[in-house]
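In this document, chain identifiers A, B and C correspond to the written order of the chains, with residue numbering beginning at 1 in each.
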Amino acid sequence: MFIHSFKKSILIALTFFIFSIIGAFAQSDEIKLADEIKLGLVLEPPHLDPTAGAAAAIDEIVYANVFEGLTRIDENGAVQPSLATSWTISDDNINYIFNLKSGVTFHDGSAFNADDVVYSFERAMGEDSVNAQKGIFSIIEEVRKIDPVTVAIQLKQPTGDFLFNIGRGDAVIVEKATAENNKTNPIGTGPYRFVKWDKGSRIILEATINYVGEPVAIKKATFVFISDPNTAIAAMLARDIDGFPIFPAPESMEVFKKDARFNVLIGTTEGETILATNNKKAPFDNILVRQAIAHTIDRKAIIDGAMFGYGTPIGSHFAPHNPHYIDKVNTYPHDLEKAKELLAKAGFPEGFKATIKLPPPSYARRGGQIIASQLREIGIDLELINIDWGQWLEDVFTNKDYDLTIVSHVEPFDIGIYANPDYYFQFDNKDFKAIMEQLDATTNDEGRRALSYYAQDFLARHAVNGYLFQLAKTGVYDAKLSGMWANAPVEGNDLTKMVWAK
Amino acid sequence: MVSFFLQRIFGFILTVFIASLVIFLLLDILPGNPARFILGINASEQSVNMLAEQMGLNQPIWQRFISWFLRLLVGDFGISHSQNISVFSLILERLQITLPLAIFAMVIAISIGLPIGIMAANRHGKISDSFLMMLAQTGVAIPNFWFGMLLVLLFSVTLGWLPTGGFTPWNENYLLSLKSLILPSIALALPQASILARVMRTALIDVSHADYIRTAQAKGLTKKQAIWRHGVQNAMLPVLTILGLQFAFLIAGTIIVENVFYLPGLGKLIFTAISERDLIIVRGALIVLVIGVTFIMLIIDLLYALIDPRLRLRGKQ
Amino acid sequence: MSNQRFFKKAYSHLSFRIGFIGSLIFALLALISIFWTPYDITQLDIANRFLPLSSQYLLGTDFFGRDMLSMLMSGALTSFIVAFIAVGIGLSIGVPLGLLAASYGGILEWLVLKGNDFLFAFPAIISAIIITTVFGPSAINAIIAIGIFNIPVFARVARGGALSIISHDYISAARLSGRSSFNIAFKHLLPNITSLLIVQASVQLSLGILAEAGLSYIGLGTQPPATSLGLMLKEAQSLFLLYPMLAILPGITIIAIVIFLNLLGDGLRDTLDPKLARQETLDAAS
């Protein structure tokens, strides 16, 4: 009796199994329309409010799509009008008057006007603000509504990149009634409204009908979260997704390059990948040691080995695509003999031991192994310590408990961090601070250029950090798709110009 | 009999309590301030402290544990600070994928493993027996993430029959949801099926030597019939035990498989939550996993005792 | 039966023979790597990466220009060490617990059983997640995580095996003559379950290798610049479509080692008085 029920249960299980498989096949795939797109992202954002968190993943979904600021940054890093159609700047560079677009509505139907601008800025400037870029707002003296379509902002002092900074995701305009819930139900003025978030799986956006501005070609966008590089490769090849703006497996690019169905889009980012050095910890406080390291680093091997050839060598903390860039790569040319000489002069003829802490990205993990192998040639023996981001923030960034680390600084134009002696590099130089103060206050282009050159040269000569390469943006897309950003001057995936070829 | 059940259930509760204590304590020493993590490297000390206060990170440890555990008992797993929603609902959502996945995998493992084991036992000593066992050996030896990738390369990339991963919610299109679970379930089921086949075969072979089989034969049944009608029942006992043990491995396997197939399940949740230092989610999800595994073992234990009275007696020692 | 005769008898079983020789070959290759490998795997040579098989590099080079044969030898060594020490942990803690539980009975046994149930709820991955998040990922923490799960397994086998002999006359005789439970556990029970333990050890060894591979795959196991078979598999997987050998070689090595170890275990199990061994394992399973 037991046997019969046993046999039966196996039969039932098998039948269920077979039927479900047949049924699954019978159902055709989700029907995809020509104005829909599925993009892959590696990291899922913790929430969707770009004004309350620093995770790039947030901006990668909502920037320019769901939320807009007074200005916006275009693909080349230039400032463009957005919610502010035009502006005037006073002669003393302190007073800005912004003329706002009229007829704009938030996704919940309420009208957009100057009150929302004042609210958004005051919220970011407030005592209990959780904005990650308070620096953008701390130089603001006052934000004042002049009339429903005009806002005046007065700064405490002239600030060269003010217009650029308010075009970033941290300064988008939100609505008082809905701001608290933006983390889970973002309400903005952008051409796409948030539809839903299947946690751990995907986020869906759809084009709004009431958008005041250029109509968008893509009507529905799904962001799918794929963290495993192998799965990303499979998903692209199987056409389960249409594109991966930052493809996590540069090693496999050749597969896509050779395949006519795909388009590989390589561009630049604002990510200066550096061998960050603790300038207050021996022996790295000795400039001779830092110079020796600079002479030993072989950037090409690192770019090839860690990034499979994608990346541009840099000699200082500045992005090569920036118009004020100057090439400092050869400040310390590759010269092992010179390096050993310098080390001996510093008191380490036999080299020394140190540690290098590596966060998760492959530029760090792989890059770290390569650098360790290179430094061993001059006698520096590095112990590799793999840590995750939480630990990195705690140990390296907050407690400055490290010798060396590798990280990519993706904030645009962030050379100013070197003027802060408390920043984790612990570089304390009053001459450099003076340069930065001057740069912040200069608004004309020629002046800024000259100061930028000087700043880059300064950092390179002092070998404050090991300057490795500028992170490349490696995107893989369906060949029929166009309008994607090749570069990433700010974090974001601007869907507004994307379109399928007929 | 009743005291046996009560004993077991008390043991279950004790295990869960100790497990929750261990999980809470260990994760409390975790380096990394979740508030700073959420706000990023350029946020001010002020913002970070503000958020830390909001998140209640500054209370003494025993206070936090007690309040956490008490709320756990009433089903309140807390509010995730990074996502502003109840951890309980989050976990429930993810269970909608992990549970069907585990069950599906178990069903596949049983429906493939047991018949193969029986077949092999019937052909004991012949070439087909060795062949089937070699297959089972290989099945156990292949790492399941590798197998999963190979399945994807064949069925998704080359043949295009099945998706590479991802998941459509059940209420949207349940047939598509099933489709997304097929490859992951097979990847999970393979090692389980192989083990089940081997255990079934061994148990059946033993049983075939037993007295009551010979008695049945004496009564006129063929060896095969005797085994089918009387043997398999007894062979099920060790199989049942293994099933319980393997469940823990199955759950552990879902963590890896969910990663490979980007399924938004419980394992994936734990992973992401750890890297975001969202301890509330990690604790809640780990507890659920531990409860799940312990619960299954409790059920198996009780079932076993129902079938085999000897155990109930030994438990009373 | 003496060890020599036992070995000869085992050797007559085909599965044992294959398993033994196969495991031995890989174990030797792994051990040799402690002293010598064809190339130094810490020396990265980017310019020479992705080279095919040649007389210079017997199995080619990987994405860092490292010699694949040397990598496999070192990788196998790490995998073996991890699995071995984990088994060691299980044996050294689990067996005494199981034996004492069987010998003393009562509260001690109850405690051990409860502890077992508790540990069973933490499969290697879950322990690994907890341990590595607190203490950082490394091969050592992977060993601990895998070892933790081995404890209840060996405790169970030891207790089960002991329980089935405990009713024998010579045990009662020992008790009557005043021997303590502790003494009985280690002097009388232990020698008689050794063969059971060896069989279980070979099974747990192969499981340990697989567990290490799984942990390395999700980044919680061996960390670079060290290498293990699981880590090699993980790093080579995304290159599978371009340079498949980099993943196939470690993959096949894992499969082969696991199969050989399992065959070894099966052969050993068959060598013991088959009926007795089975009965003991069945009892152990309860």
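Definition applied: contacts are C-beta pairs under 8 Å (C-beta built on N, C-alpha and C of every residue); 3 or more make two chains touch, one makes a residue touch a chain.
In this text, all values refer to a predicted model and were calculated from it rather than measured experimentally.
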item: Chain separated most widely from chain A, comparing mean CA positions; value: C
item: Identifier of the chain whose CA centre is least distant from the whole-structure CA centre; value: B
item: Interface with the most contact pairs, given as the two chains involved; value: A-B
item: Averaged-CA centre spacing for the pair chain B and chain A, given as whole angstrom; value: 37
item: Geometric centre distance via CA averages, chain C-chain B, whole Å; value: 22
item: Cα-centroid distance, chain A relative to chain C, in whole angstrom; value: 44
item: Residue numbers of chain A (touch at least two other chains); value: 230, 237, 360, 391
item: For chain C, residues contacting two or more additional chains; value: 237, 240
item: Multi-chain contact sites of chain B, meaning residues that touch two or more partners; value: 30, 149, 153, 259, 274
item: Chain B-touching residues of chain C, taken from the complex the two chains share; value: 105-106, 109, 114, 117-118, 120-126, 129-131, 133-134, 206, 210, 213-214, 217-218, 230, 233, 237, 240, 247, 251, 254-256, 258-259, 262-263, 275, 278, 282, 285-286
item: Of chain B, residues touching chain C in the complex; value: 11, 14-15, 18-19, 23, 26-27, 29-30, 137-138, 140-146, 149, 153, 202-203, 206, 209, 237-238, 241-242, 245, 248-249, 251-252, 255-256, 259, 270-271, 274, 282, 286, 289-290, 293-294, 297, 304, 308, 311, 314, 317
item: Parts of chain A lying in touch with chain B, wherever the complex brings them together; value: 2-3, 6, 10, 13-14, 16-17, 20-21, 23-27, 29-30, 44, 46-47, 53-55, 128-135, 183-184, 198-202, 224-228, 230-231, 234-235, 237-240, 360, 388-391, 393-395, 397-398, 411
item: Touching residues on chain A, where the partner in the complex is chain C; value: 229-230, 233, 237, 249, 251-252, 254-255, 301, 304-305, 360, 365-366, 369-370, 372-373, 376, 384-387, 391
item: Chain A partner contacts - residues on chain C that touch it in the complex; value: 42-44, 46-47, 49, 63-64, 136-137, 219, 223-225, 237-242
